[in-house]
Amino acid sequence: MTVPVELRLEIQDLMAEYCHLLDDGDLCAWPALFTEDCFYQVIPRENHDQGLPLATIRCESRGMLEDRVMAVRDTAMYEPRYLRHVQGAVRMLGAEDGVVRAESGYAVFETLPDEHSRVFNVGRYLDEIVRDGGRLRFRRRICVFDSELIPNTLVYPI
Amino acid sequence: MTVPVELRLEIQDLMAEYCHLLDDGDLCAWPALFTEDCFYQVIPRENHDQGLPLATIRCESRGMLEDRVMAVRDTAMYEPRYLRHVQGAVRMLGAEDGVVRAESGYAVFETLPDEHSRVFNVGRYLDEIVRDGGRLRFRRRICVFDSELIPNTLVYPI
Amino acid sequence: MTVPVELRLEIQDLMAEYCHLLDDGDLCAWPALFTEDCFYQVIPRENHDQGLPLATIRCESRGMLEDRVMAVRDTAMYEPRYLRHVQGAVRMLGAEDGVVRAESGYAVFETLPDEHSRVFNVGRYLDEIVRDGGRLRFRRRICVFDSELIPNTLVYPI
Amino acid sequence: MTGSAGNLLDRRWPEEGVHRVPYWAYTDEAVFRREMERVFCGRGWAYVGLACEIPEPGDFRQSAIGDRPVVMTRDLEGGINVVMNRCAHRGVKFCRARRGNARRFVCPYHQWAYDLKGNLKAVPFARGVKRQGGMPEDFRNEDHGLERLRVTERNGVVFATFSDEVEPFEEYLGPMLAWFDRVFDGRGLTVLGYSRQLIPSNWKLMFENIKDPYHASLLHVFLVTFGLFRADNPSKVRLDATGRHAVLVSSKGEQRKSDATKDMENLREDFKLKDPRLLDPVREYREGTVAMLTLWPNLIVQQQSNTLAMRHLIPRSADAFELAWTFFGYDTDDAAMTTRRLRQANLMGPAGFVSVDDSEVMKLSQDGVRPSPDAAGVLEMGGREADDQDHIVTESTIRGFYRHYRDVMGF
Amino acid sequence: MTGSAGNLLDRRWPEEGVHRVPYWAYTDEAVFRREMERVFCGRGWAYVGLACEIPEPGDFRQSAIGDRPVVMTRDLEGGINVVMNRCAHRGVKFCRARRGNARRFVCPYHQWAYDLKGNLKAVPFARGVKRQGGMPEDFRNEDHGLERLRVTERNGVVFATFSDEVEPFEEYLGPMLAWFDRVFDGRGLTVLGYSRQLIPSNWKLMFENIKDPYHASLLHVFLVTFGLFRADNPSKVRLDATGRHAVLVSSKGEQRKSDATKDMENLREDFKLKDPRLLDPVREYREGTVAMLTLWPNLIVQQQSNTLAMRHLIPRSADAFELAWTFFGYDTDDAAMTTRRLRQANLMGPAGFVSVDDSEVMKLSQDGVRPSPDAAGVLEMGGREADDQDHIVTESTIRGFYRHYRDVMGF
Amino acid sequence: MTGSAGNLLDRRWPEEGVHRVPYWAYTDEAVFRREMERVFCGRGWAYVGLACEIPEPGDFRQSAIGDRPVVMTRDLEGGINVVMNRCAHRGVKFCRARRGNARRFVCPYHQWAYDLKGNLKAVPFARGVKRQGGMPEDFRNEDHGLERLRVTERNGVVFATFSDEVEPFEEYLGPMLAWFDRVFDGRGLTVLGYSRQLIPSNWKLMFENIKDPYHASLLHVFLVTFGLFRADNPSKVRLDATGRHAVLVSSKGEQRKSDATKDMENLREDFKLKDPRLLDPVREYREGTVAMLTLWPNLIVQQQSNTLAMRHLIPRSADAFELAWTFFGYDTDDAAMTTRRLRQANLMGPAGFVSVDDSEVMKLSQDGVRPSPDAAGVLEMGGREADDQDHIVTESTIRGFYRHYRDVMGF
């Protein structure tokens, strides 16, 4: 792999920031980790593997990410909850034409009021990362999740 | 971020050592990962977010860490158990005046005799790391945990 | 520790590849991550700690890994399932005579049809890694697992 | 009535009648077990799947009716069959793949082999080995097939029943048939994908929720804000004669305050989409921009703007049910329409801007009723009867549902 | 007695009486359900929270009595109210935030709005929309408020009851009132923080544990080693007339062996703290350095050196209960005292040097009794009566607890 | 019969008899509770462990009989004892370490101390402290020992019983004794290691599985492919007079197709091991290369080629049981034999090439029968009797098991 050390660390920083923004509930800052013309999708492994296009969350631009943030914050009704992302090792798949492709496994834990923390969603990220406006951003992030039987609702992005 | 590569890896080593000492049950070696005047705290997210000072574990010095180790080893009564830490990506928050600040998500799994492993405690570490006596140590480690409803007891440090 | 940065990243790549091959169900590619004369073992912590030799999986060569792959793919009967590995920080234990020794905690999540994802197996890898045929490979990987009460079956390698 | 569920039900419904629902109905496992027998596996046509999911001979797909696993198959003659996923020998849930194609089903345990209709075709070693062992002389394969259900298909949708007595499907639907045919008009269907969630509440709360037009303009700020559903939009509810089926139909209004929205506090006039492609509905049906059809015992047909979905209710216990979504379109859809459906799917499913509200409120309902089995819900909006109404300020269809439920359950 | 919990209890208490406790009392879910009705929601004042948690008008905080969720509110007149967290419409647990401030409660489902006292103030579309639908003419908001409990506050502590018959709180506490007032002396209280654990045992084992002074000098090596509690310290137990409440009082001794410690094998004379700031107690009350007050049905008031905590028992099932800790101090505390309390909190809670022992032993008790419902515990230390005693070598207060328990439960 | 399990069993066995097994027998918790009393803790010798696990005086090891935790100890005279892991005081599961060495057991709660035989030796503060408190005058330690079981050991294997009436072990085994002695021939045993799995099915399915030779040549492609077990190998099944015990014996054949394998579809002639060391069996016993001995109520002795294992069944609920494997060899084994056993262990346990199939099929069985309590399995292979047979095309031994089961359970 020809990804230089510094770039790898910068990618790691991007991913760490992603996890922490979501886990701190800092949803508003989250769309800025994507490019304007990004594609973000959370899709059950079943659909992904069979080539079925339906996704649980489908955003075709940073604007749609922002619309989702607004919907989650201002219109949706749900119990308060904590999420916690723990991401595994990143597998670099290549760097060409300024685009780094990578994949990584993740586990997200959910804690509802008065309940124990539980495994909420596990799967893998399929990423395309580019330099844009002076920093790395996701041009494409597909979350393919194993946890097809979703425990009630998937309120926040994965 | 201006944290050089070597330092980042050294920080990673410190964190890996932390996890492994606790998971191997090597409690006696654990206080040495902290400075003499350290502050270590395990606190429910609820208290932390509301500014309530009460912590589940509160140690104001390495001596208090050692007192806790002695109490756990020599005075406390509990069922044997295994713990397993899996830490997520580290987010570097800054390096100033010889202090590196970082945060990272974690998940701790507990295995009791005759039971399946379970999600025991998830949350994040808020760290201040310094070089002290030739190696990196935690000057401050705050574990803010999501898992406010603790499954029975929190015998070992997180 | 005297493990240079590039080698550490290469080790990380090996481990990431290991996780992803197993999680993608790409079992056939998995034995190639080991040397011909490798030793791979999945062993309950109880046996490991007491010095009892019995392992849940014991492979004394890459051939035995391949035999296990064939058995799992062609002869065994089991419900379809997804596995997901999330590996924690790697602790470098030393590099001598071309052998790097390392250990790392891991959590494996299992998803059965019509069920939620669950913590399946947590433990630690004890590794010996060598350069062999132009790439890094495991000469020895021992998975010592905490999760002694296995949830039904351990079909795939850990 | 078997002994298992029969003895424990000295439960009594509140005297007021169907405008009260006692909370034990949502939490008592004995009630649940009786529901599995009488509601899901009794006199009724239960949803199983779409015919387009098993287009080719040999295609099969797992499904469920109540808590019973079934397999829907396309036999070699092209017919659709539904059989219990339970080997006639010793009960193994033999079919493990969620879907696939096979000539026959072979149970893994002793390889009893069934054809796609469920007939037992082969029992290994039935005549013994080397003249030893084997099945008794009088053992006849014909007596040991899989349990087969009666099956009906209408315009691509497959239903099955354990009952010998239930009327033909068209009759069973009664006046709902036209609403069914509104979406299933004979065009080919295309599955866009699946979504599944486990909702920690009693399954009946899902029916109540969809039959309840009253909540939509109050709970769903997103819907209201974009005028997709409002109390002042032209709307109506219709029931069949028994009350078990119902439909709720409404037409999109505008995104502004009106006289009649004074009670809708959550209306957010200022809310604008940054990427309006998210919500760019095109009218598809003559009447209504939304129609939610609830069919006893286990199906909701959802048409909300351009999202079409089967919502299949699979109860797991008194406290939880699986909601299995099959999103679909028509084979006449162009690429733009398919993309539109996929985008609007952001409103539905476990992460949907609208349906998250419902799933969450169902959990809160279950949490609320659990410790109070002897209390009861009050369903008096729109009166105390269960009749058709030309507005949505009513709980009429819920009352209809419980009228039939009480009949069936003997409460 | 409702039908649900009434029919299954042909359980019989051992003939010996209260010095035996049958193990089915800890494991039978039917017993548990009856406890929810009779013990927690019957004749008794149940702990809800501290008044200082809701200082301002509109402040509210979720809590629970038995398995029932409640909300404690401060109304606009400054009064404290406790209402069930269950919408009067269709049962939704409407209050979702753990605490907050609101003018009124609006149920998310259909936005029925209640004031802070639980009165139903508004039903959206009650009069219909465009003259259609709405509630029946005879529907009166007054009949559909939240279920309200009777409330009492004493010196900053809030109790509530479902009962119309229970005596006033002061009378209810009887001789325990003085012990209550010892800690709650009228000074303002300050919450230092919360801690919560789910203990996998029956809730009664928690009461047994705290009422049991016998174990403290044997199980808790840390306590004994530092002389915080020892069998040879001056100590006593007191009960009220019914036996339901009790207090255990003791005074700190020294960290050395004595004649009377020969049975205390675990004493560790050599144990010294590396950082003695951890344990630097200051005497706060005239009598006793530790006093553990157990109040029927759901509260333990803990005063151990300078850690003060309410321990609120919230049963979840026969097999598990939540223990919700509220650590507090006085508004007269200086910074040094606050720090002292925070440091000493290392002894208490889910990671406490002392209370870990108790939580673990409760799990081991539950594991021990679960498979042996027909066996029974033996409580004969200090005799077979339930009387006041001037030492702690006794299980007297546990016997007192079960005397009352049997009365209430009808065993 | 205690009240707890007595009242709910109006279950009736199918009229056909033991060649039908009703599915409620696998799922009903009331049936399960009766099984714990009658099957596991009734008239029968239950497996506890191997004597070599506690070689020295003071050695102990936790185990279980049914759902009851027990401790197996070696007393100071060298005798083996089995006691309930439940303190006689208030029920604490006092022994926490899985194994260890101790002079006596001290319960953590109040330090009641027992010797290795379970006699109560010391009660702290029994005579009070400073002349206050303590146990009543008439309290006698002799009345408050641990519950002790009758114990028997044969050739290194330890069994225990709660029953006073059960016949001596040798008589209890009847004709199975010779098969038992075949493996346990008096040589010393060496534990190679443990393996534990929680199988999500009823425990009886495990016995059915091992008693069922019919499945082995069909389900286990690995076994068949390598000729370790085939329907056309010389084989037989034997039962004792009651039907509760049985043995299945067979001899290794070759890895090729034969006339009699036409029904064995899964045979893979082409399959070759890349590292043949994995499977290099050496014959150890005169008769049979595999013998699976099932002993009522909780033991399977597995001898498959050179893997020897005790499979200990520990039921957890109607829906799940723990399978605890103890792999062992003989103290006469050389290093090559030990390595051989360790390699062949790849076939067994939770990841075994053979036993994975069984564990998975048991889960599928439980999933299949759960929603159909009123259906029944059909066990007619090899006839409808429960007799010895000289082939393995039979379910005779399963029928034998259920004949005894019905007797014991009163069905």
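We just call them A, B, C, D, E and F in the order they show up, numbering each chain from 1.
Assume a residue touches a chain if its C-beta (ideal position, glycine included) is under 8 Å from a C-beta of that chain, and two chains touch if they have at least 3 such contacts.
As the structure is a prediction and not an experimental result, all values here were calculated from the model.
Q: Just to be sure I understand the contacts, which chains border both subunit F and subunit C?
A: B, D
Q: What is the minimum number of touch steps required to go from subunit B to subunit E?
A: Shortest path length, in steps: 1.
Q: Match interface C-F to one of B-E, B-F or A-E, accepting only the pair for which over half of the contact pairs are the same residue numbers.
A: B-E
Q: Which chain pair shares more contacting C-beta pairs: B-F, or A-C?
A: A-C
Q: Counting in whole Å, what is the centre-to-centre distance of subunit C and subunit D, each centre being its mean C-alpha position?
A: Using C-alpha averages as centres, the distance is 43 Å.
Q: Suppose each chain is reduced to the average of its Cα coordinates; what separation in Å results between subunit A and subunit D?
A: It comes to 31 Å between the two C-alpha centres.
Q: Centroid of subunit C to centroid of subunit E, CA atoms only: how many Å?
A: From the centre of subunit C to the centre of subunit E is 48 Å.
Q: Indicate the residues of subunit F shared as contacts by at least two other chains.
A: Residue numbers touching two or more other chains: 96, 98, 108, 198, 219, 266, 322, 357, 360-361, 364.
Q: Check each residue of subunit B and list the ones that touch at least two other chains.
A: Residues 5, 77, 79, 86-87, 107, 114, 116, 118-119, 148-149, 151 of subunit B each touch two or more of the other chains.
Q: Run through the chains and report each pair that touches.
A: Touch list across chains, by label: A-B, A-C, A-D, A-E, B-C, B-E, B-F, C-D, C-F, D-E, D-F, E-F.
Q: Hey, which residues of subunit B end up touching subunit F in the complex?
A: Residues 77, 79-80, 113-114, 116.
Q: Give every residue of subunit E touching subunit A within the complex, in rising order.
A: 96-98, 108, 198, 322
Q: Which residues of subunit A touch subunit D in their complex?
A: 42-44, 46-47, 52-61, 63-64, 66-68, 70-71, 74-79, 148-155
Q: Using the touch definition from the top, list the residues of subunit D that touch subunit E in their complex.
A: So the residues of subunit D in touch with subunit E come to 10-12, 21, 23-24, 28, 208, 214-215, 218-219, 231-232, 260, 263-266, 357, 360-361, 364-365, 367-375, 377-384, 389-394.
Q: For a test of understanding, state which residues of subunit B touch subunit A in their complex under the given definition.
A: Touching subunit A from subunit B are residues 1, 5, 8, 45, 86-92, 103-107, 118-119, 121-124, 146-149, 151.
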